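Note that chain A is present in both complexes that follow, paired respectively with chain B and with chain C.
For the complex of A and B:
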């Protein structure tokens, strides 16, 4: 029997997972990434002559197949600029399901945040994430795995929330699994403890607090306070809606006081000075002119 | 041999504990068939032995497994079978080393454990296990295609996806078509068929080597790197 070299092993490993899309309008080109549930490829849609992303389940597994199908249906149901549109869903000849979605070029938020972006830019991105999550909550969908790795910043500045595979649809018992799913560090205590029935919108708010900490920790005490309240241990101590969380971040961006942070007198002065910097500069310039005119006379 | 344990893979492990020597022997045959080469490669790398010494220890390990209750103690609820097997092998090699020291015979094999600069034991065993599963899957494919009189499919696959993986630039489909005197569309069809067969053969092999559906899924994910 032949001894396979390391190069052969790696190539054959990839081939074993490689989806056979013969008979479909799609052709796989390259791997974009591997996740816990499946592999995402960039492919070509021959019918429309455009690149697409194709997510394929790696291992035949009824529960995961259900989950992939559910993810596709959730994304198809939630039409929002912050969500990747799903174009198609199918099952490979070997029984593995896949779905086809828009191919988004860009960077993951965790990469983007380390390379670019001033504090305000990161907060604006955070607000866009909040908009998408709030939209999903309004439709009764809880993401349950929000983290910077699951947010994509597109080439045109679009902010997309990805990976809805662990999402819970409120009122759907099939999505209320007792299994602990999510990412440590971003999972709320009720989620970590496996209390799936206690997970609600506030579970995502906890994760958003952790994302905010990751993006802007230490940059401003008001933002730290917002993140701390969002990621409070008990759900009742958190913001009760994503809109309330986003409103505080928006207030901070607008130079207004936030609801969860009592600022000192000097901080208030600094904030007001920062907010009215242009007006203060004009008044200052006017005063200097006046003084100079008086002195000249 | 597969027909002996067709229903559930756990029965292989159960059969290892059978009072009937023949049943035990067959069960061990199933395990040895799947793991002999990864075990041998693992011993060679982990204990820095040449091939004949590693083969001797591998043979000794499976012989001992036939005579002593070793593998049947495996508890599927505590670990995957592969992990348990590796721990048994480490114990076997350590015992062999201790016996060698006791015997104090000069000139025989010297067992040198790794220093820590090399890949971790689990990594070595997994790498060799993946290599063995894929090699076995290729052997299965070759036999299957030959049985259908379609050796050409396997030959094209071997040339492009196995031997080709070693090359800086794999042959193009057009070059393969010229080499095998086939249309290009036939080459791509053959490759697609062979790749489908590879996945099925790998899963078939893994099914033989695992004791439950859950372990099969875990091992499949491990093999795919997913």
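For the complex of A and C:
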């Protein structure tokens, strides 16, 4: 008798859990990942002959089904290059809802953060995340589960913010659940305490501060200060908008002082020297050349 | 401030400084220092405005530096030829080397100015 390994048993169990998409234009190919609410598969759209990602509710549950539907509608409403476009929504024969979205090839931000990518490149990616989150905030949507695992870096440099399953639509009581949702380490104190009605844009700013720490901790005191203010315990002590947070990161990238860090004289000199390195090198070359010409006489 | 005007002012300023530096690098030309400074300033003004116009048209640091180097060298060579035709020592190194580096400085500065204001 052949013994099956644990991995094989797990694989077979996964196969039996695969949703039955008979009667739809989609065919499941493989599992991409499992979340608290649903499982995401890579599938084939027979009508358009392209690969898609299909998110299916893990178990039939009315409340969760509502939430998955809401997530699909939020994503469909928020059209932005930093958000995965939703193509379709439907309900399986067993009553579980699913939605179909673009299949993004690439690496998750937590994987990307461990690569040898330059600090400036990581900060530029952070700014792209901020753009998407600011766009959602302008539309009255708070993500509430921002973390590196929920950001995808595409093969062509696209930055996508994923998993809007715990998003709150401001003014919509259905999305103001009292249960604690999110990921410890990235959840703001008001979110951890279950004060869903107190969660606003600043809750996401807290999470962005934690993401910034994950990306660039210890690389520069100004960035550490930005992350610290973004992830301040009290919402009033944080940046009051994602744009203000992004503006400080952009200032740092441009070699300018940031609003939340008072630099020392030597740090200021070093920053200016770094910002004007080429100009200083050219002026230095001119002076050296002058000295050499005098010495040559 | 428009980039050609910025280039003009920077080129002129550097031209004055470069002309005056002849007092240190070649003291024997002290009697002609006024005409040297006027010539160097004029060269700096022309260099600056040409590189400034180029920066307006082409936004590229490598090309801006290359153009600045080329203009600086060509105009400085022209000055050397004028010296030769006037029966004076051409001072190739003393004129062309600073001219080239000043062209690079103006090329870099105008590209940066254009990037920040354009």
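In the analysis below, the second predicted complex is superposed on the first by the 282 of 297 C-alpha atoms of A that agree within 3 Å, B and C clash if a C-alpha of one lies under 4 Å from a C-alpha of the other, contacts with A are read in each partner's own complex, and residues count from 1 in each chain.
Definition applied: contacts are C-beta pairs under 8 Å (C-beta built on N, C-alpha and C of every residue); 3 or more make two chains touch, one makes a residue touch a chain.
Note that the structure is a prediction, hence the values are computed from the model and not measured.
Participant: Classify the contacts of A:289 with the two partner chains as first (chain B alone), second (chain C alone), both, or neither.
Facilitator: The second partner, chain C, only.
Participant: Just checking: does A:22 make contact with chain B only, chain C only, both, or neither of them? Give me first, second, both or neither.
Facilitator: The answer is first: A:22 touches chain B but not chain C.
Participant: Have a look at where A:58 lands relative to chain B and chain C in the superposition and call it first, second, both or neither.
Facilitator: first
Participant: Just chain B (first), just chain C (second), both, or neither: which does A:297 touch?
Facilitator: Second partner only, chain C.
Participant: A:278 in the overlay: touching chain B, chain C, both, or neither? Say first, second, both or neither.
Facilitator: After superposition on chain A, A:278 lies in contact with chain C alone.
Participant: Using the touch criterion from the header, give the chain among chain B and chain C with more contacted residues in chain A.
Facilitator: Between chain B and chain C, the winner on chain A residue contacts is B.
Participant: So, A:105: does it touch chain B (first), chain C (second), both, or neither?
Facilitator: After superposition on chain A, A:105 lies in contact with neither partner.
Participant: Counting contacts the way the document defines them, which residues of chain A are shared by the two interfaces, the one with chain B and the one with chain C?
Facilitator: Touching chain B and chain C on chain A: no residues.
Participant: Touching residues of chain B toward chain A in the complex: what are they?
Facilitator: 37, 127, 130-131, 134-136, 138-139, 161-162, 164-166, 192, 195-196, 198-200, 202-203, 217, 220-221, 223-226
Participant: Show which residues of chain C lie in contact with chain A when the two form their complex.
Facilitator: 21, 24-26, 61, 93-94, 97-98, 101-102, 104-105, 108-109, 112
Participant: Could you please specify the touching residues of chain A with respect to chain B in the complex?
Facilitator: Those in contact with chain B are residues 1-5, 7-13, 15-18, 20, 22, 34, 36, 38-39, 58-61, 93-94.
Participant: Would you pull the chain A residues touching chain C in the complex into a rising list?
Facilitator: Answer in residue numbers: 278-279, 282-283, 285-286, 289-290, 293-294, 296-297.
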